[in-house]
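Two complexes come next, and they have one chain in common, chain A, joined by chain B in the first and chain C in the second.
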Partner chain A sequence: MLQLQNICKSFHRMEVLKGISLTVKPGEVVAILGPSGSGKSTLLRCINFLERPNHGLIQVGDLVVQTEKATNHEILQLRRITAMVFQNYHLFKNKTALENVMEGLLIVKQLSRDEAQQKSVRLLEKVGLAERMNHYPSQLSGGQQQRVGIARALALEPKVILFDEPTSALDPELVGEVLEVIRTLAREGRTMIVVTHEMHFAHEVASHVVFMDEGRIVEEGNASEVFEHTRQERTKHFLQKIQAI
Partner chain B sequence: MQPILDFHFMVSIIPEIFKVIPVTLNITAVAMFFALIVGTTTALVRIYKILVARQLAAFYLSFTRGTPLLVQIYLSYYGIPKFLDYAHACYGWNIDVNGIPAIVFIYFAFSLNVGAYLSETIRAAIQSIDRGQMEAALSIGMTTWQGLRRIIFPQALAVALPSFGNTMISLIKDTSLAFMISVVEMMGEAKILGARGLEFFEVYIVVALIYWLICIVVERMVAILEKRVRHFEGGKI
Partner chain C sequence: MLETFKTWMPNVISLYPDMFKALGETLFMVLISGMLATVIGVPLGVVLAVSREGGILANHKLYSTLGKIVNTLRSIPFIILLAAILPITRLLVGTTIGTKGALVPLIFGTAPFMARQIESALLDIDKGVIEAALAMGSSPLEIVYRVMLREGLPGIIYALTITMISLIGLSAMAGTVGGGGLGDFAIRYGYQYFETDVMLATIIILLVLVNLVQGIGDFLLKLVTH
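Moving on, here comes the complex of A and B:
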């Protein structure tokens, strides 16, 4: 479904990603863990081309993008088959919950207003926010905003959904409702990559766990391999620290 | 002893000045319209650091803000015909310079002048919008232009509107310079009426009051518009 080959990204002289290769199979949920500054978010942003990788290859479905010579058309195509859920939600502030979900359907998919609306209402029902659909983001709680963010990402039926620390800006009591939505999506067999600090969640939901540090993948495997039979010292150290909290 | 003001005369000229209010408003509206286009364009050129255009924009802003509006009006009035004559001679552009009404040069000078001031306002307003808004637009596959038009501009407008109101009020008052190249707007009409009866003081009082009134109305309108544009900011529920 998704394949990354040797993705490199530097900001000025800072090398943030030092050759990341990763394969994600259809229906897989990949959790990316790692200390802050390890390049997890940058990696997700590269897949969505919010950051342009300096080097490497991104393949999503049939679309193959050689990042150093990606054309605007390819970038647009890539963004249309991947979707991003942001840490700070980034809902369109000038649009209601419903309009946020409809926007991509109207502008990118060019559906009729009726079709876009029907589909968006269904998606908002799915994330449990149908009765709030005419509220503006400023009138929604963080958890509600993030669920709208997920509905907006789902609207375009992306091949891969990218979650960039979807719960780390939320009040603790709002984390559950967002994780519940992501869990539902996992059960439906959607392909997702989740950057997260929620270890229990990663353990429970992820079919594949990746541990990153200093721009490299240090260790990867299924959840029990990484969490219970940790091979690398660096990963052990990180997991111990996290669990100590 | 004569009263200090000739009230009868003041009342009698009100209708005549009212007749030319449309000219003042017309200059304001046309200049504001083109200034918004010019201002937005230069703001985007500067934000996106577009090559060459960026240097041109910097030059334009510096020049326009560094020279008096009155000088710009004269440059427009005397310069554009010269340029058109030259273009006519060299490239055979068939434009009758004498057929161009003076108000066109006023439109030109005012649009560029106000555009320079709006440019900074617009740039600041666009840059005040969280980068995440554009990223979210791009992430769902919108183009940069779609993101600007549908997401960034509406939010930036809410930020910039009070400033637009101030600029517009300055513009309304500055239109009084248009008579310098014989466009008869309110101030021009006032001078003509004043000269007729040599009662300048009375005329200028009337004109001052009318300018004031117009500015109050515009202020109110901008305030109402601001509420509508900010509808999405709502309160917490």
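Moving on, here comes the complex of A and C:
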């Protein structure tokens, strides 16, 4: 479904990603773990060119993009078959929940207003916010805003959904409702990549766990391989520190 | 009531038809040049905001060229601009005097100011929201129309309010070089003829005018802020 080959990214002289290769199968939920500054968010943002990789190859479905010579058209196509859920939701503040979800359908999928509205209402029902669809983001809690963010991402029927620390900005009591939605999506067999600090969640939901440090993938495997039969010292050290909290 | 008015503002009573005419001229200058400055200033501000470094259509050459033109116009004091662009004024409206002649310098003086205000309003939009639109595959033009102008609307209204108020001030200045309007009226009667009551009445009218514009701006701002 998604393949990355040797993705490199530097900011000025700082090498943030030092050749990342990753294969994600259809229906897989990949959790990317790692300390701050390990490059996990940058990796995610490289997949849809919010950051332009300096080098490497990105394949999503049938679309293959050689990142050095990616054209604007290719970038647009890549963005239209992936979707992103942001740490700080990034909803359109002057649009209602419903309009936020409709936006991509109107612009990218070019549906009629009626069709877009029907579909958006269904998606908001799915994330449990149908009765709040006419609220503006400022009238919603963080957890609700993030669920609108997820509905907005689902609207484009992406081949892969990218979650960039979807619960990091939330009050602890609101984390559960967002994770619950992501859990449901995992059960439906959607392909997702989740950058997260929620270890329990990663353990429970991820079919494929990747541990990154200093711009490289240190260790990867299924959840029990990485969490219970950890091979690398660096990963062990990180997991111990996290569990100590 | 009328008696007190007659005692305290004798000249205003005799001059009030002229005063209304002057008010009409001021409104004409402010409204027409305000509209035209908006038509020029808003798109210019959008171009500045998207073409600057880190913008969705970053273009260093375009940004620095436009930026320099805007800065040049903004650095000329308005009273000098009035005289400096006389040939352009004559070319565009056929005359350099009267309210019509005042329109051109008012637009030249206001549009660059407006452009910078709009640019700054658009830069205030949360970058993440623009990223969200990029991530869903919106084109740059769609982002301008559907995201920046919509998310930036409160800032744009605020900028327009500030600009209109500054325009009222400039129009008074333009009036003194033959443009008519309240500024000209106040200087002529209030200052040169020592009719202090005329001066005072003019100030009160301007005060009401400015507060009216600010009030409308605040009302619209409330309407579009969510």
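Going forward, the second predicted complex is superposed on the first by the 245 of 245 C-alpha atoms of A that agree within 3 Å, B and C clash if a C-alpha of one lies under 4 Å from a C-alpha of the other, contacts with A are read in each partner's own complex, and residues count from 1 in each chain.
As a convention for this text, a residue touches a chain if its C-beta (ideal position, glycine included) is under 8 Å from a C-beta of that chain, and two chains touch if they have at least 3 such contacts.
All of these numbers come straight from a predicted model, not from anything done at the bench.
Peer 1: In the superposed model on chain A, is it clash or fit for chain B and chain C?
Peer 2: clash
Peer 1: Looking at the overlay, what does A:121 touch: chain B (first), chain C (second), both, or neither?
Peer 2: neither
Peer 1: Applying the touch criterion given at the start, work out whether A:79 contacts chain B, chain C, both or neither, answering first, second, both or neither.
Peer 2: The answer is both, since A:79 touches chain B and chain C.
Peer 1: Tell me which partner A:136 touches in the superposition: chain B (first), chain C (second), both or neither.
Peer 2: Both partners, chain B and chain C.
Peer 1: Please indicate which partner A:92 is in contact with in the superposed arrangement: first for chain B, second for chain C, both, or neither.
Peer 2: A:92: touches chain B and chain C.
Peer 1: Of the partners chain B and chain C, which touch A:63 in the superposed model: first, second, both, neither?
Peer 2: Touch status of A:63: no partner.
Peer 1: Touching chain B in one complex and chain C in the other: list those residues of chain A.
Peer 2: 48, 50, 76, 79-80, 82-84, 86, 88, 90-95, 103-104, 107-108, 136, 138-139, 152, 156
Peer 1: For a test of understanding, state which residues of chain B touch chain A in their complex under the given definition.
Peer 2: Residue positions touching the partner: 130, 132-133, 135-143, 146, 150-151, 154-155, 158, 232-237.
Peer 1: Which bits of chain A are touching chain B when the two form their complex?
Peer 2: Going through chain A, the ones touching chain B are 48-50, 76, 79-80, 82-84, 86, 88, 90-96, 103-104, 107-108, 135-136, 138-139, 152-153, 155-156.
Peer 1: Enumerate the contact residues on chain C facing chain A in the complex.
Peer 2: Touch residues, chain C against chain A: 126, 128-129, 131-139, 142, 146-147, 150-151, 153-154, 224, 226.
Peer 1: Would you mind writing out the residues of chain A in touch with chain C in their complex?
Peer 2: Where chain A meets chain C, its residues are 48, 50, 76-77, 79-80, 82-84, 86, 88, 90-95, 103-104, 107-108, 136-139, 152, 156.
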